[in-house]
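Look at the two complexes coming up: chain A is in both, with chain B in one and chain C in the other.
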Partner chain A sequence: MAVRTRRRIRVRWFGVAFILLWSLVPIYWTINTSLQTEAQAGGKPSHYLPPTPTLKNYTSLLGGSGAVPDQIRRSTINILVECGAATIVTVLLSTLAAYAFARMTFRGRNVLFYTVLGTMAFPAYTTLIPLYRILGDFGLVNTYTGIVLVYVSGFLPLATWIMYNYLTSLPSAIEEAGQVDGANRIQILWHVLLPLALPGIVSTAIITFLFSWTQFLFPLVLSTDLSTQPLTVVVQALQGQHVVPSTLLSAAGVIAIAVPAVIGLTLNRYIVSGLLSGSVK
Partner chain B sequence: MPSIRQARASAVVGTLSCLVLLGTACSGGGNTASSATKGVKINVALHIPSPPKASLDAFTKATGITVNWTNIDWDSLQTKIAAGSTAKTYFADATDVDWSRVGQLGKLNWFYPMETYVDTKSLGADMPQLASFTIGGHVVGIPFDASFLVTTVNKKMFTKAGVTKMPTTIDQYTQDLKQIKAKGGVQYPLNIPFAAAEGLSTYWYQTTAAFGGTILDGQGKPQFATPDSPGYKAAQWMVDALKQGLVPPGNINVSDSQGQQTLMAQGQVASVFGDYSGNVGSLYDVPSSSKVVDQVDYLATPGVSGPGPNVSNPDGIGIPRTAKYPAAAAKFIQWFTSAANQADFAGINGPDKALKSYNFPSRLTAVDQLAAKGKLIKGSALSAMLKSSARPVFPAGAPSWYPQFSNAVYTNLHSAATGSLSVDAAIKAIAGTANRLASGG
Partner chain C sequence: MTEGQLDAPPVTASATGKPAGPARRPRRRFDPLPYLLVSPLALFIVALALVPAAFTVIESFFRVDALDPPTRFIGLGNFRRLFGDHVVLTSAENTLIYVLIGVGLSTVLGIAMAITLQHKFAGRSALIAILILPWALPGVVEGIVWSGIWNANSGLLNSVLTSLHMIDHYQVFLGRHRWRTIALIELVQVWQITPLSALLVLASLQNIPGDLYEAARLDGCSSWATFRRITLPLARPGIAVAMVQAVIATLNVFDQPYVLNGAASTGSSVMVQTYFISFQNLDFGEGYALSLLITLATLVTSFCVVKLVYRTVEF
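Coming up: the complex of A and B.
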């Protein structure tokens, strides 16, 4: 029995190690390359550790002059603006919508709620061309507004669902106590429910931000130049030029994953709790 | 609880919003092209870096047209072209027209015919590859980069193996490769990129041309289905080269550019049969990326009984139907593809006027100027090939179903290389796909 248990543990650890290696080696290699000079990175045999680690690629991207650093800096600002705005708007709208679905009684509530959730079943890419056309007609192609609106429309159903689960998990007696004290719905929402639902709001914000950050196809199509292109699109474009040094490209890749990596590593408990909310009553 | 009046107001606002959206979705796209050519700003979206700022400023000064250059990688650019054209929404005034997409673009009418804006008839003599951009009598784009496939050889390795006379036929070439292997110069002398990717398809097209044939006829019917056809022989030759140990076994997963950079440039192989034109100057003779500087030369394509053709895979630039300023875009294209600018972009007047990653001018006069001034490495050999032996992959234009066809080519040839399919089965599968697509299936 003990032998079987030990074997099972070994197999489990082997599986975990395999998945970790599979996932982390490419990221490690990108970081390793970004800390080398171009001559070191192109040398044979390859260096598994940077021989003389240098931050030159990062300083030249973030502080240097030239077309590539300019593109990286501008697209970093773009992605922060687009993801930040999409997150704020999504959290705001999803909280209000979730409150209405969770606490208010009106005709067609369930139909409306499940219709909103049902839109998550549609592959997002099927909406690309219609959205592109609509944004084109409204003059919103290549604008922050257009990209943010598309992100919000894409992530609102999931955010609403997460917030709905949080709000329904809160005891209604708290809200009733507020009503007894004479508070209206907005006051109850603002002063009573939102403080209690803060973990849910944080989860929703993080998930929305991360999903927005990893978008590629929508911003690729909806932005036409550097004024709105996010980092994900620009890094790919640089890769396609075949003239940008691999060390510089790797540094750009590390910058592109740094923000989501930090968020994911430091706030992962919120992500897990947000996605699991409502799964256990 | 909201009042009835509030609820009604919300309903009215909601209904109006829906109607506006519906109306928008059903509208015509809202693009109106302007014939203005002065004081306008055009967007140019290409997969290559922008020309130097001073050059673009000079163009603006001369024409009053400001250029906003957007650099997007090739694959993403094709997505943007398809999305913009399908949604009838503006994304650029001038953009990429790849040789392999000409059939599709012509059929879908996504680009303005260039002959409306440019005297394409007079261009033909100086731009041999203009034919690759002509479909149904219309020119969909103007070539700006004359890429074609060439054979490259590491002369040092050939000489070391005792090859004193460079091969002119494919039999002689194969024999020389075997000799290099036998003499221990290099274990695997030939690079064929067998990864299931576009580079494998184009390599086969070039090899087929060397065997004296074409891939498809004017109706899109396969010309390679029988064992005595050049295309069949080319596929057999490629797979045999792998089986006989002339090609590194790992090349099953090597793409075209990977093989050039990690094998040929590093001295791991002695030859690439279907290499990129310009690679000697831009890769093999560049000390930072190569261990074979001054060792590699272009070779006239070894054919059946003498030098064979070089198939073209050039890049062009055209005007999408959704462009805001097509006339201004045409003026830019004329400027961008002029002989003087092409020579500048290729470095005739120094690096300040050169365009990074620009391979090879599409105008013969520009190539001749570069070769005369010694600014194009192996320029005279390339110029001769461009003039006399470069020809379109598909003489009647790439079919509209080219992407599906190419997919069938590289997946089946890859399977033949791995041994999961015989060459005969692979060729039958490719021919079957071509027949089905050609008959509208």
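Coming up: the complex of A and C.
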């Protein structure tokens, strides 16, 4: 038995080492390249550590004037606005709907609930072309509003599902106490239920924000110029111009993954609980 | 997959402030509040999901071309043109390879990672944080990240293989050889989708009662037998959901081939072709038809995976 335990621990450490290398090596390599000069990055064999670490690539992307820094700065503002707005609207609407689904009966409730969940089985790109054409008819292509509407419609089903699971996990006795005090249902939602549901709301918000940040094809189609293009589209466009050196491109990549990486590393507890909410029972 | 059990809502009767006896409320007053709460959601789903989906189905039978107006009914014309276009057929073949590699590899790796994380140990939650990192990042930037590894002039892979004397000069990994290009691009997507697979399988593993393993140990089962007879069967619900998410992601793969392969047909996927047909050639009708086929393929494949893999075990 001791032999087997020892072997199991050895297998586990192999697994741990694999997960660490698998997740971190590609990211390390990008950071490593971004801290080198163009000449160093072209060395054969490669430098596995930056020989003379420099932030020059970052300062020339973020500071300074010129087309590229302007694009990076503007698209960073765009992605923050679009992700922030999509997150706020999605969390608000999904919480209200989930409250109704979890705590009230009404005609058409099951039909609507299963229709909303059913849309999750469809790939998001099913509606790519029609959404482009419909938004075009309303003059919403290349506007923040258009992009946020599309994001919200895409993320509402999962957000509603997470909030529904969270609210049904709370005992209803706590609301009955509120009713004794004469509070109406909106007051109960706001003062009693929401504070208790805060972890569920945080999960929903983080997952929605990350999903919005990772979008590429939708904004590629729906944003036609720098006024609304998010960072992901601009960084890819830089890569498409083959004159941009790999060191500068790596720095742009690091900038584009910095926010989701920090969120993923620090708030993963909420991401895991949200993603697994009701998925496997 | 997702089990949407609608339990009887517990508070509705008392929400009106009256006791819940059926005799006391022969006819309830119309209650507008739930409709107010769900109407924004319903509006979004109808206007921005159901109506557009209907557009995709209907307009795939029409000639909708910005360069060749007006819109007119052409029956199966769009589909016929798709099946006569060898670039589209090549991309369909490529996508099949993407799906096979992606679903297979992400499932195997996901199970292995979940088993690594099955039992508590020091640093496990930190490892989970690092595990989900690739899932949280934009696929298009991941393509850029990995292009630094596959790069023909300065890539990590070339450098390492040369140092190990496995190749004698730097190689072009992407774009030359079709299957190699597809495999390396799909590896980048596997990097992104495996964390979710691992988490879904891990959630299933944590529902397995510890006494089962204890009993297996007392019966003298080998580790492999325990894995085959206990872990794998009981993890099936999680594995099924993990495979479905991988099917949806890989059949619709766009970001990674678009970044790493561009417009070349070598590693093009059907989603990349949909993009070029619709937004470069402005032939929306054909784009609709291809979207519809991808959606149907995704739904049918997901359904088959659930039928084949999903089993719950009573114990």
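The criterion applied here is as follows: the second predicted complex is superposed on the first by the 275 of 281 C-alpha atoms of A that agree within 3 Å, B and C clash if a C-alpha of one lies under 4 Å from a C-alpha of the other, contacts with A are read in each partner's own complex, and residues count from 1 in each chain.
Criterion: a contact is a pair of C-beta atoms (placed from the backbone, for glycine too) under 8 Å apart; a residue touches a chain by one contact, two chains touch by 3 or more.
Keep in mind that what you see is a predicted model, and the values were worked out from it rather than measured.
Under the clash rule set out above, the superposition-derived model of chain A with chain B and chain C contains a clash between the two partners.
By the touch criterion defined above, A:88 lies against neither chain B nor chain C after alignment on the C-alpha atoms of chain A.
One of chain B and chain C touches more residues of chain A, and that partner is C. Within the superposed three-chain model, A:128 lies in touch with chain B and with chain C [touch as defined at top]. Once chain A of one complex is fitted onto chain A of the other, the partner contacts of A:271 are limited to chain C, with no touch recorded for chain B. Once the two complexes are laid over each other on the shared chain, residue contacts for A:221 go to chain B and to chain C alike. Judged by the touch definition given at the top, the superposed model places A:67 against chain B, while chain C stays out of reach. When both complexes are overlaid on chain A, the residue A:22 reaches chain C alone and has no touch with chain B.
Once chain A of one complex is fitted onto chain A of the other, the partner contacts of A:39 are limited to chain B, with no touch recorded for chain C.
By the document's definition of touching, of the two partners only chain B reaches A:138; chain C does not.
By the touch criterion defined above, A:237 reaches chain B but does not reach chain C. Once both structures are laid onto chain A, the chain B stretch out of 91-99, 163-171, 397-405 or 415-423 that overlaps chain C is 397-405. Common to the chain B and chain C interfaces on chain A are residues 42, 44, 128-130, 132-134, 217, 220-221, 233, 236, 239-240. Against chain C, in their complex, chain A makes its touches with residues 1, 4, 7-8, 11-12, 15-16, 18-20, 22-27, 29-30, 33, 41-46, 93-94, 96-97, 99-106, 109-110, 112-117, 119-134, 149-150, 152-153, 156-157, 160-161, 168, 172, 175-176, 179, 185-186, 210, 213-217, 220-221, 232-233, 235-236, 239-240, 246, 249-250, 252-253, 256-257, 260-261, 263-266, 268-269, 271-272, 275-276, 278-281. Chain C makes touch with chain A in their complex at residues 1-4, 6-7, 9-12, 14-15, 17, 31, 33-35, 37-38, 40-42, 44-45, 47-53, 55-56, 59, 109, 112-113, 115-117, 119, 121, 123, 125, 127-149, 151, 153-156, 159, 162-163, 170, 191, 195-196, 199-200, 203-204, 207, 217, 223, 237-238, 241, 248, 251-252, 254-255, 258-259, 262, 271, 274-275, 278-279, 284, 287-288, 291-292, 294-295, 298-299, 302.
Residues of chain B touching chain A in their complex: 21, 24-25, 27, 29-31, 43, 45, 47-50, 68, 70-76, 79-80, 83-84, 86-92, 257, 266, 288-289, 356-357. Chain contact summary for the complex, chain A toward chain B: residues 38-39, 42, 44, 67, 128-130, 132-138, 141, 217, 220-221, 224-226, 229, 233, 236-243.
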